[in-house]
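Following are the structures in question.
In what comes next, chain A is part of two complexes: it sits with chain B in the first one and with chain C in the second one.
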Partner chain A sequence: MRPCAARARRLWAYLAIVSVSGFACGTEEPSSNKVAPTESEQVVNTSAGSTETDQKAAGWFIDATAESGLNFLHVTGMTEQRQLPETMGAGAALSDFDGDGKLDIYLVQSGPLPTPGGPPNTGSQVNALFLNDTEVTGHFSDRTRASGDAAHAGYGMGVAVGDVNDDGSNDLFVTNLGPDALLLNNGQAVFEDTTAKTDLADKRWTSSAALFDADADGDLDLYVSAYVDIDLTDPPWCGRQEDGWRSYCHPDVFEGLADRFYINDGTARFTEATQQAGLSTRPGHHGKGLGVLAADFDDDGLQDLYVANDSVENRMWFNVGDGRFEDGTLISATGVNVRGLTEAGMGVASGDIDGDGDSDLFVTNFDDESNTLYRNDGDRLFSDVTASAGLDAESRLPVGFGTVLADLDSDGDLDAAVTNGHIIDNIALYHDGKSYAQRALLFSNDGEGHFTDASKDAGALTAQPMVGRGLYSGDLDGDGSLDLLLTPSGGHVRLLHNAGPPNLPEGRATILTGLPRGTRVEATRTDGKRLTRRAGPQPSYFGQTSDRVHLGLGGQGLLALTIRLPDGQEWSYNFDPAWQPTSSAEAFVPFRWNGKGALQIPRQGEIMMSPSPSTGQLSVHPAGNDR
Partner chain B sequence: MTRPTLTLICLLMTSALFIPPLGAQQAGGKAAVIQTGTEERSREEFGQWLVDRVGVYHATDYLVEILAKQEATERNLLPTDEETARAFDIEYQMILDEFYKGDQERYARDIELRDQNPSNHAARRLQELRGELILGALAQADRDISDEQIAKYYTLRFGPLSERTTLDVLFFGMYANSESSTGKKPDELRQVALARAQSAAESLRNGEPMSALLSESDPVNSDYVDEQGRVETYAKKLLGKEVDTALRNMDILGEVSSPISVFDGYYVVRLANRAPVEKDEVRSEIISLIQSSPANSTELLNVRQRLLDQDGAAVLLR
Partner chain C sequence: MIVPRAYLFAFILAVSPALSASQKTSQPQRAQEEAAALWSSGNREESIARLTKALADDPEDIALREQLARQQLVVHRYAAALETTQAAGQALQHITAEALFYLDRFEEALPLLDSSDPTQALARVTAFEVLGYSDEATAALDEMVDLAGVDLLGMSLARGRLHAAAGRHEDAAFAYQSVLDKQPNDPGALFGLGQAWVRTGRREQGLELLKRHRELVPLLDQLDFALRALDMAPTHAPHHALVGDAQRAMGQLKIARESYQAAMDMATPEQLPMIALRLARMLEEDQNRWEQALATLQQASQHLGQDSPDVRLQVRAGDILVRANLPARAVEHYRQALKQRPEDAAIQQRLEAALSMAASPAKEQSP
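Now for the complex of A and B:
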């Protein structure tokens, strides 16, 4: 067994004992978001033939929700009218909100639909903030009630996180069916709603958002995708006109809405600049946006944008400088699949799946479609390589939502995980073999961009079907491996501890924190393998993963590291083979970039590491002697 | 243009696959030679190459193309060359406007970046469009025109009161004129559009003809509005719920609305006519409506499935 996995399992066992003994760290009263599993969830568990004990059986991922202190039930507000917003689920974000260096969790809630005359949200169903405990990393305390306006009560969809006012703390932007909200963090995980001071109170149905530096001026700008124009007072009847058969309408029934782009003046004052940035679309051609991703696809140092749209073309926008974009959908061939067909884009992820250094693109789609992998061929050209990469067949039956491209086995390449779930609760009436709750999928990468279905080894990730929506990765328990957070629609949030795949050699990793979004990190391992990663969060579906750079070492050492900041500054580090970040007693050492060329090692008494100006060799010296 | 038609343009850019003419395919037999790029392959090798390259689904597309053409020939539904060329022109203009914001040079450059020149780009796209038009025509011809369906469309088109409502429509957009490029904020652009709409509404009430006001207004992005700004038969949601709401309070023929706010500007509408209609007198109009509206993605998928389900299709796919 891998040493770190063994330690982590001991940690979870300890947490379970503490929890059972009544000494869990959370001290607040349970909020209304905290409830026992619903009847439908229990039915799902039974139909899957699994019990909670089964889920905790050995496997790559272990369900650690109960022990973690995380207790949150998403409420869809499902009505007899089968209103489309009820199908969407809600997102989550993994980020450090209280500045203690550990990943916390922000969860978006939906609640009763804001229908005129409908049941009001009395304030009991609100977004929730769970902070990673100071004493026990990986255990969370519900701090919702102490978080100020983070306990937001809109009919929530998604969330984006970033330091929008440059005060060193991570702020929140929440998308809703109804007015969106900008929530500024005071540095102690207490938030203030400042939406009224901006142009951001968009009352339409917005879905995802990306905070990224569009104009390279050092602050985070904002792109918000909007979904469809819907009239909650007059929902059309879709499906068979019989009791029990009413179904959710296809998005084709509704008009798409225009996405919006906002420029930040550096103080969290946002002004709409969609038209000026070249990001406008014409009426009749608006997308039905669900996934938004900012990444440097053409490697020119500027953050580009990709928008996954539902049933209409996805859009690729290349950043051409000065905060302006040009439409690269056709040249990149990322608007449709290899057959020229639009797909129902939901979740989106990017990363270097084939080790050639550029960012490839992965989009999840509806059933009877595959999820789609677009390989970056350089020069803004992409190829749909889904079939040859081995990602086609298994994704045809389920409806894909949240996804991550992440090195889940820490072997140095990006694996793919997808959470699935239908949008139509009575789909089984219409189609034999289709179900509302569906199993997630896990694909292991061979390092060349070819994937193998590893779902059967994935433990709790795939053990039971669920109405999957959000899926986010991050090292939540501080052991160097990437854990997963799942936000099913109408279900309990689940935290899965990554214990590592069975029958694989030890896969150590190191993690870099504090790097500006868009920073390119290139690592060379002692076996010569090169890894290229980019700092910044991935959106998955409606939320965001950890923004930290995870470097899977696969049992090897780290030889060299090159950090290229978005402003072009480059720093190189050569590691002494005799000193390895993973050779300490901890086996895993996270680095923190201090913004001035030094890497700090918090767990070793704040040792600083700077490249020697003359030799480029790494030097190690005490903190406070930063060069 | 239908959404599937619009999107299929990307196939051209994603694939260097040369789909051989049907004649070559139908020649059959092991000796038949099919060209893919610069390579020549037997039919069996081609099938394997196709599946290896893009999976069985692309091979299925190819089969559907053959079957659709066969059936369309039998049912006399093949598009003419003129119809295909017209569809190409409409699509070209749409792409230029929507994806390139009118920048013809950049569009041409992108075509070349995909290792194509404009002439073979056009030739390939025409061939693909022809296939799409065939599938669309089959989907339209498959539509149900039963009495029940006609009754449903009758209600949708003429509303619960069975009235034909005719409207004159003007639109004043926030982003459709030179003001939008002056760096003004959305609120300021909205104010400009509102002022223009108010002025036009006043002029219309004062008897100024639509033809004079049309040149002052912006194009309405809707296939339902003709060049004179007229919607012969207005049905619910044709121009959005905001217009529907305004119409509920308009009863007098010739009445002009106040500016109707929509997300990107303002409509001004005039109630030109409202008259009762009987189902029988509009039966042919409804049938024509049912059969002429573009096929949606579900209908196209249904046609594909029907073609693949027919006898012999599975054998061909193997």
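Now for the complex of A and C:
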């Protein structure tokens, strides 16, 4: 037997075991998603009390799952029928749910497949909420039992987060194989399922969702992608018709489902408006959506939509105002790759990868395809620059899922990370170069959109293969660097502390919180480098990253900030070179936008910085020497 | 043209070794022949096992090793193929190069890919492209200009992509146009030319091409899916027919016919009629070759014989002849069909209509 085949088979056996053990936990408390890490997973956990130097020696990313208190086992409910939902994995979201300013973690669970006659979900396999501790930032406590309806028990896929009823707290929308759920937060991380009061209980197989202000009325509307139409009672046999060879079916076997769009009236009452918004697709031409991303691609102040579809054409929808969209797939050339071929779109990310100020687009795809980087050339035109950007070759063998474009080394440009994992658990039987569990990839950006494979330096991110699905970035431990959360298809969620890359000076960064989604932030560093970032979460695959704006300073100071809100208001701030939003004691100083033009610096005694009424600008002086 | 990677080298992966008839049959040669027979009958694993065993007995036999490695490539055992060729060193370098290419180890494959081999030369271009080495890819294309047997359309598409990547959209348009001149429905060229025109001031014309490309995209996906199915079970006749369906839908009639014919050759008696009917439909409706359509149906009927006739073949033959304005000949087929299904009212109606037509000989034309 070939080594990789052996590896995949061992993993299959492992998955079968965890599935069974998952069912066996039926009478335990809702947070029984906890299972001790298996031996194979205890590879790069760091020991408590290790120094930063020790951590750097261990690699760029350090597995901090154990000491973080995060203990969550995703259960696929894998069956002999190889039902497609079993291999999709589930998502997660990083957001502040209890209003303490720290990022918490919501994890989606799958569980036993809701097959008629199959094992019921007795409530043991539920979505989980882990809150960042008040005392120790970066340590999490399982608050699932106290979270009310956040302990949702559907066969989960994805999650979107946002304040849908404008009460100042972050709510949840969960997509399922089965009815979706809208869960409203009371501000203290206790949630109430209000789906019944809305149009949102879509019983089909939905995958990803985006909460964004489509009609510029100040509230968050909702786009939900649907995947394929399957019959759990009569799954087709795919793959070789021999014992052990049955495999998960290609999505081409199934019909795609139509996505849906809902308008929010501002009070979390959603009404479907797919057709009115111009977002409907013809029967037979529906996408098989897995990734949904809202971003202002044409820089007109309106949030556009991009949908990554699996094995059919992706869709770019340009927002033309008043909550209406037009199909911009053809003109933007983002529906297919440079060869004009569809790819199996999974995860999506956007950001300014080449420093020209606009949002570029990155999509992860299947094996024998590359992941695809679409460079925004302006005027709604995009170019597939995957190969010239250095992102093609390394992404052809693995199956890409979750991805982030994030400044992972805080040097001022957006790097790319991708988590990989095949969908076919026995793929090694068919192809001895492939495996179910695969290593993640990390690419470092040179600032101009050219990437170098930095996977060998990435430590725990790439050290061991996993059946990767979700990948989400955010500063979970409050040190200013972007940490990573990885969700697998079947297995333990992993939290990776970002210790910074080896052989690079300590990166400094600042983070802006509280900005409305779609806010454009331009920063000018003391070395003249300009950074353009946009507030709001990134979906990756089935979930969302932190919605905060992270500005990598790369050891430089900050000269100026310009904040352009979605409604067009613009605020500018100049900084005295003698005063910097970093300090020797802390790696960064977070700013909080108060919604009225003021930036607060919580760590420096709540200093308020407001623009001058006459000039709209403010010179910021050192703390204690302020006017 | 869609080219799944498994098929990139398919035509050189002839799995039957070129055996010299004059040579005395040795143990390894016997193994090769047996393996080839197993392979061609669809028993691919058994064939590989036979060769593996023979190679263990005679590890110095290069021909055995080559045949095994080629078979391993076809069934995606690329790592195994690498192991197989390793002991042969440079003698099997071309297969090593292919295995590395399939394993996406492009940097390692590049020095081994043979620039004098038309297929491997184009693979070099692809490898350079994937690695982001545009200048090297362009140089590799230039080297191919005088190479016999190259895929000229594939070269032009690659050149178009390289021009476009460098922002030379007028040059890209020229390259893509040269493809469309020969293959008007080539999706890659439609997409590339559409993009090039949008970026060179011909926005509306470019969008029209992109719309045409979009119409082809589902067909491309259909073809891709059919090819994947075929790859899983290459001796399963309906998979060849599915490929034929997709190729036909894309207007690639010549290769669609080959796919249908391959399907007919492999079909079981139960599978044969439906495949023959599909091929006949394409020949008649798309190519106006009703005689060949008729011959296809007759070939299938003869293959099925008297014991297991299929009424659909006779009915379709009659219909074709009616449409060809040869009702007298159609009558014979409908009568044959009625013998097989005497109570069928629809066939009876057809027969009566054909008889009526035949009674008006002025309308009937010579074939």
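By definition in this document, the second predicted complex is superposed on the first by the 560 of 627 C-alpha atoms of A that agree within 3 Å, B and C clash if a C-alpha of one lies under 4 Å from a C-alpha of the other, contacts with A are read in each partner's own complex, and residues count from 1 in each chain.
Quick note on the criterion: a residue touches a chain if its C-beta (ideal position, glycine included) is under 8 Å from a C-beta of that chain, and two chains touch if they have at least 3 such contacts.
Just so we're clear, the structure is a prediction, and the values are computed from it rather than from any experiment.
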{"item": "Overlay on chain A: chain C relative to chain B, clash or fit", "value": "clash"}
{"item": "Touching partner for A:282 - first (chain B), second (chain C), both, neither", "value": "first"}
{"item": "Partner chain(s) touched by A:390 [first = chain B, second = chain C, both, neither]", "value": "second"}
{"item": "Which of chain B and chain C A:239 touches, first, second, both or neither", "value": "second"}
{"item": "A:340 touches, of chain B and chain C: first, second, both or neither?", "value": "both"}
{"item": "Contacts of A:231 with chain B and chain C, given as first, second, both or neither", "value": "first"}
{"item": "Partner chain in contact with A:267 - chain B first, chain C second, else both or neither", "value": "neither"}
{"item": "Which of chain B and chain C A:326 touches, first, second, both or neither", "value": "first"}
{"item": "Which of chain B and chain C A:433 touches, first, second, both or neither", "value": "second"}
{"item": "Chain B versus chain C as contact partner of A:258, first or second or both or neither", "value": "first"}
{"item": "Clash-bearing segment of chain B, relative to chain C, as chosen among 134-142, 152-160 or 224-232", "value": "134-142"}
{"item": "Shared chain A surface residues [contacts with chain B and with chain C]", "value": "250, 252, 285, 311-313, 329-331, 333, 335-336, 338-342, 368, 370, 381, 383, 387-388, 392"}
{"item": "Residues of chain C that touch chain A when the two form their complex", "value": "2, 4-5, 76-80, 102-104, 106-107, 129-132, 134, 157, 161, 164-165, 187-188, 190-192, 194-195, 198-199, 207, 210-211, 213-214, 217-218, 220-222, 224-225, 228, 232-233"}
{"item": "Residue ranges of chain A touching chain C (in the complex, touch as defined)", "value": "2, 4, 239-240, 250, 252, 285, 311-313, 329-331, 333, 335-336, 338-342, 368, 370, 381, 383, 385, 387-390, 392-394, 396-397, 430-433"}
{"item": "Residues of chain B defined as touching chain A within the complex", "value": "3-4, 6-15, 52-55, 57-58, 61, 95, 97-101, 106-107, 110, 113-114, 128, 175, 180-181, 183, 185-186, 221-222, 240-241, 263-264, 296-298, 301"}
{"item": "Parts of chain A lying in touch with chain B, wherever the complex brings them together", "value": "199, 204, 229, 231, 234, 250, 252, 255, 257-258, 271-272, 275-276, 278, 280-285, 311-313, 326-327, 329-331, 333, 335-336, 338-342, 368, 370, 379-381, 383-384, 386-388, 392"}
